[in-house]
Amino acid sequence: MQVKEYKPLIVAFCCNWCSYAGADLAGNNRLSYPADVKIIRVPCSCRVNPMFVLRAFQRGADGVILCGCHPGDCHYTSGNYYTRRRMALLFSMLDYLGIEKERTRVEWVSAAEGAKFAATMNDFAEKVAALGENKRLEDLRCKR
Amino acid sequence: MHNKNQYLQEELLRTSGVNPKKCMRCGKCSATCPAYDEMEYHPHQFVNMVESGDIEPLLNSKSLYRCLSCFACIDRCPRGVEPAKLVEAVRLAAIRKQGANHLKADDVPAMLDDDIPQQALVSAFRKYAK
Amino acid sequence: MQKITRDQLIEKAASLLANGTVSCVLGWQKGEFDYDITPAVFDTEDELKANFVWNDFCGANFSKYLVSKTKKCEGKILVFLKACDTYSFNQLLTEHRFDREKVYAVGIPCEGMADIAKVKAIAGDGISSIDCSGEKMAVTTIYEDAPVMIDAKDVLAERCVNCKSKKHVAYDELMGEDGDVIDSARFDEVAKIEAMTPDERFAFWQNELSRCIRCNACRDICPACTCEKCVFDNPNSSVENKSPANSFEEKMFHIIRAFHVAGRCTDCGECSRVCPQHIPLHLLNRKFIKDIDSFYGDYQAGAEVGSRAPLVNYTTDDLEPGEVFERGDN
Amino acid sequence: MQRIGVFVCWCGSNIAGTVDVQAVSDALKNEPGVVFSTNYQYMCSQAGQNMIKDAVAEHKLTGIVVCSCSPRMHEATFRKTAAAAGINPYMVEIANIREQCSWVHKDMVTGTEKAIILGKAAVAKVNLNTPLTPGESPVTKRALVIGGGIAGIQTALDIADAGFPVDIVEKKPTIGGKMAQLDKTFPTLDCAACILTPKMVDVAQNDKIRIFSYSEVTDVKGFVGNFDVTIKKHARYVKEDICTGCGACTEKCPMKKVPNEFNLGMDNRSAIYIPFAQAVPKVATIDPNYCNMLKNGKCGVCSKVCAAGAIDYKQQDEFIEEKYGAIVVATGFNPISMDKFDEFAYNQSKDVITSLEFERLTNAAGPTAGKLLRPSDLKHPHTIVFVQCVGSRCDACAEKGKEYCSKICCMYTAKHAMLTRDKYPDTDVYVFYIDVRTPGKNFDEFYRRAVEEYGVHYIKGMVGKVTPEGDKLKVQASDLLANKQLHIDADLVVLAAAIEPDKSARPLATMLTASMDTNDFFTEAHPKLRPVESPTAGVFLSGACQGPKDIPETVSQAGAAASKVIGLLAKDKLTGNPCVASSNELMCNGCSTCERVCPYGAITYENKEFRMPDRTTAIRRIAVVNPAVCQGCGCCTVACPSGAMDLRGFANSQIIAEVDAICK
């Protein structure tokens, strides 16, 4: 039986003002990172509802990462501070439910940090790939 | 910078609860110190020297026992550094290190003097004896 | 046994009805069995005398009912609130969910409520009647003639064993004496789960949550869940789902439910009380409360009206999401 | 169902080199809603845009997906193209297959796979897009400046200069603010009054500017372009339009023992007073706390001596309602109270004064007519000690003082020291400093001159204690460089007290829904790029209300704020960003959660009558978003428990559709 090479699926939510621009800069500088990372543009990291994160996992994502402006630099002054609290609590809860903590991450990436964006995505993708397929978030009944 | 006194320094900071990095070098502690002229090393120097790991001179200095623990420096420090607590910590370290009493019971009678309140003697004995 | 008696409550309610202070009373009424007591609205003293109940099974928190009842009732509503209920009462006021002017709240002392599962564990099934009026609870079953005598302490509900406060934080009138906020051990169970390995935690929750039948009882009873339209009932919310049809459904539901009430949950414990599958849902809510307390400082939802919940607040030096794991694991 | 056209751009070889564009356009052809799919060398070129326009006409497209470079590059271009082709510009979505795909992936297979997924996500989103139209609101062409110090004056003059009417609201009886109390100004040492009073006169004479002195703002409603402001004009018991400012009343008033706040209480004034000679408006004001006529009806002297008949003891507070398009906050600063600094003996000795009091002592119009005499015995001081950083740069946990550097003290202390040595060379002047901070044009040169040419003794160290003893002040201080404790017998001690925002700022910020930091300074919309705007649209910041500032900085910020206001008022209509939040009133709980996270104060609540399913009606509290104020961050959408709040252009359903498309 031929084993198909496992490729993780990673959803990255990037705020329009800093992190999406940081991702563009990574592109401008041709800094490569795995194609497994798919970016969704949101106006601000605070637009990301925990439901979106869960939805991604539900639909088979292996890792979800949120990127926003550095604290204090939010285009909307305070959005990322709320993100920080929401995601801290959500991630802690996922960890509490026994879901591998390496599958979730929040990273602050400014529009000037193309290199940081690429490095972050490389690192995150590597960690998620090491965990293998996301099984814990699948249907409990079917696995019994 | 290599700090040979790192262990001692950490212990001093832990026992005193002082963070010398908060000091902004204004010298208000020394300006306020009533025992300044008696001291070889002054309150601001204590903070500075402990931070840089230059602790040996302090341990061996008489200045340790000149501090009145009046806490004026603690009260006035604009940065909340609390130098007197650091002096106290160094004093304690010195006493522990010597393994001996700095003030012996036998020495006390010679120090007796009508003007000295008894309480001062008791507290001095507590402070300088193990 | 409760210190305050049924008669005292009926007398209070009757006098408030009689002098026109209130036009109806929100109280407890006997259900099919002695232990399944249901909330009911009483309009007259006669109704109260006939059906009003007050005993160790009156766990129901009435705060939530005020949201709809205050809109329907003409005059004021009398509501009896146990100390824990007053927190929910305040939280709903913070969220402008009902008109305070339309409620006359009477704080009543509570000695803790019984958990019927614990009673059944001792007395067995087939309970025909329960008498809580004596020192000990007398449980009669259809199998035995003599009632089984149970010490109320042995069947105290988990949320009452770990009661967080006997202090009433809201009332117009207080019957009996007010208590204090209690330094309870309610987070011990959470800490125990936190101390497990991720695999053990996963197994624990898989075992618990896989029993979920999506009956929505936990949501329906929750005093924080008073939304005009719940996201789980809204076909446009993309989480609407009546049955656990596709992958990850229970966890998704329970995380979202707990997250929606995070910072607003007063830890009244109603969700666990009503769960027909006995899922310890309060352990999810308490995890959020424990995290909030340790990350952002102690916060008790409902302790005061108008307080700013931790999730709609921030400081510039809050901890980073990545740091929560360093704290949680040790 | 949408009719979507997909246009895949090669970007020369930038995209086509790593992504099989033909495969992408073929794959997307089968996506739901897609009726047309093609690819072209340069989609952003004129030919490419025409291709889009033609396709819209031919295939009756309702939505467009362009797979190309970053939306930050060409989203605007393609939106214009869509508009030109007759579809709503917000029906366009860009799949970023250059910066986030072809440029970062080297392999054609993975690049193509990812490009297809990104394209699918964009298609899924467009399927749920709705046409959006930016809201428009009119602009009231009048500005309000709150605070009549140099910041407010300069802002008002600049706005009026551009032809827009401006109102200044000042809580004191005269404009002029702190600068009017200063003696000389660093680093050029020109006299403050000489440069300020002409500006005050300009304000008075400008027919575009109205001054509401002795007034305060009590209510602000509305939003950018449309503020409704209530101004409370305190009764001054003098008819402003009749009073000539002759001053006869102030001379004849029998109540002369009122502490003169303009001289910081160092001398007295009468109960009816004009704060200073060059006051604007130059109108008398009766102090109701001291006037015998107002207190017990016995006196009436001022009314008798007033030739113009301007006195009106029956005058009442007046409320004025006015509409404004923009509001400038210029509420300024005050020195902090010295009450908590017992060690400096400020409350024990009259000869320990603050620097602002020193300004009045050396001012020719001050209590000593400009002669440097110490307050206690009016003798000439021979030894003066200046203490810097009193209450500035304190630990955040300390109970007294402020955490920040007050910024202006180093320079004014150098000025005071230099002027003292210049006028009275027989005086010894000591300045105790922690650091001397003099960034600014000609600032350090100025400080060095004080040391090198004027012989001021600058000593690194702090004063620990000041003890009044006889007619001397015993100063105990550190000289850190000499490692000595100094004891100086001083005649006068001058404390460089930290400055803090005016107390009126906090309630004002609440009224304006403008945000503040923990020190009560107003926060900027962006600390670097929008330093004179508040995050609340239409509210601008001028001067020290935003942070400690000296005069040149204040004036330049005042001008910058004015230019922002002019830019706003020059518009006839404000066009908003259509991607704003909106609340579904049927689902809204009215719980106020969204309001608490909104950084712009865009959300208000109203009670609305609803018909319920059981045919009754009920009044429910619901949230209403003001689209002119909302900036579209979406924070409220997540805070909302019921999901009633959603963001146009980035709706919950749209983002979830993207997630689903990516995860499929």
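Going in written order, the chains are labelled A, B, C and D, and every chain counts its residues from 1.
The rule is simple: a residue touches a chain if its C-beta (ideal position, glycine included) is under 8 Å from a C-beta of that chain, and two chains touch if they have at least 3 such contacts.
Bear in mind the structure is a predicted one, so any value in this text is a computation, not a measurement.
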*Once you count every C-beta pair in contact for both, which comes out on top, A-D or B-D?*
A-D
*State, to the nearest whole Å, the distance from the C-alpha centre of chain B to the C-alpha centre of chain C.*
57
*Starting from the mean Cα coordinates of chain A and chain D, work out the distance between those two points in Å.*
35
*Averaging only over C-alpha atoms, locate the centres of chain B and chain D and give their separation in whole Å.*
47
*asked:* As a quick test, compute the distance in whole Å between the mean CA positions of chain A and chain B.
replied: 52
*Find every residue in chain B that makes contact with two or more other chains and list them.*
none
*Can you list the chain D residues in contact with two or more other chains?*
597, 639, 652, 656
*Going by the touch rule set out above, which residues of chain C reach two or more other chains?*
231, 237-238, 311-313
*Based on which chains are in contact, what kind of graph results: line, ring, star, complete or other?*
other
*Pairwise chain contacts, counting only pairs that touch as defined*: A-C, A-D, B-D, C-D
_Touching residues (chain side chain D, partner chain B) in the complex_ = 343, 389, 391, 393-395, 397-398, 401, 434-435, 460-465, 476-480, 483, 485
_Looking at the complex, which residues from chain A come into contact with chain C?_
50-51, 54-55, 57-58, 71-72, 78, 81-82, 84-101, 104-106, 136-142, 144
*Hey, which residues of chain D end up touching chain A in the complex?*
70-72, 96, 98-101, 103-107, 110-111, 113-114, 117-118, 121, 515, 523, 525-527, 535, 579, 597, 599, 631-635, 637-639, 647, 650, 652, 655-656, 658-660, 662-664
_Quick check on the complex: what are the chain A residues that touch chain D?_
9, 11, 16, 20-21, 23-24, 26-28, 30-33, 35, 38-44, 46-52, 55-56, 59-61, 72, 75-79, 82, 86, 118
*Over in the complex, which chain D residues touch chain C? Could you list them?*
586-593, 596-597, 605, 618, 620-621, 639, 641-644, 652-653, 656
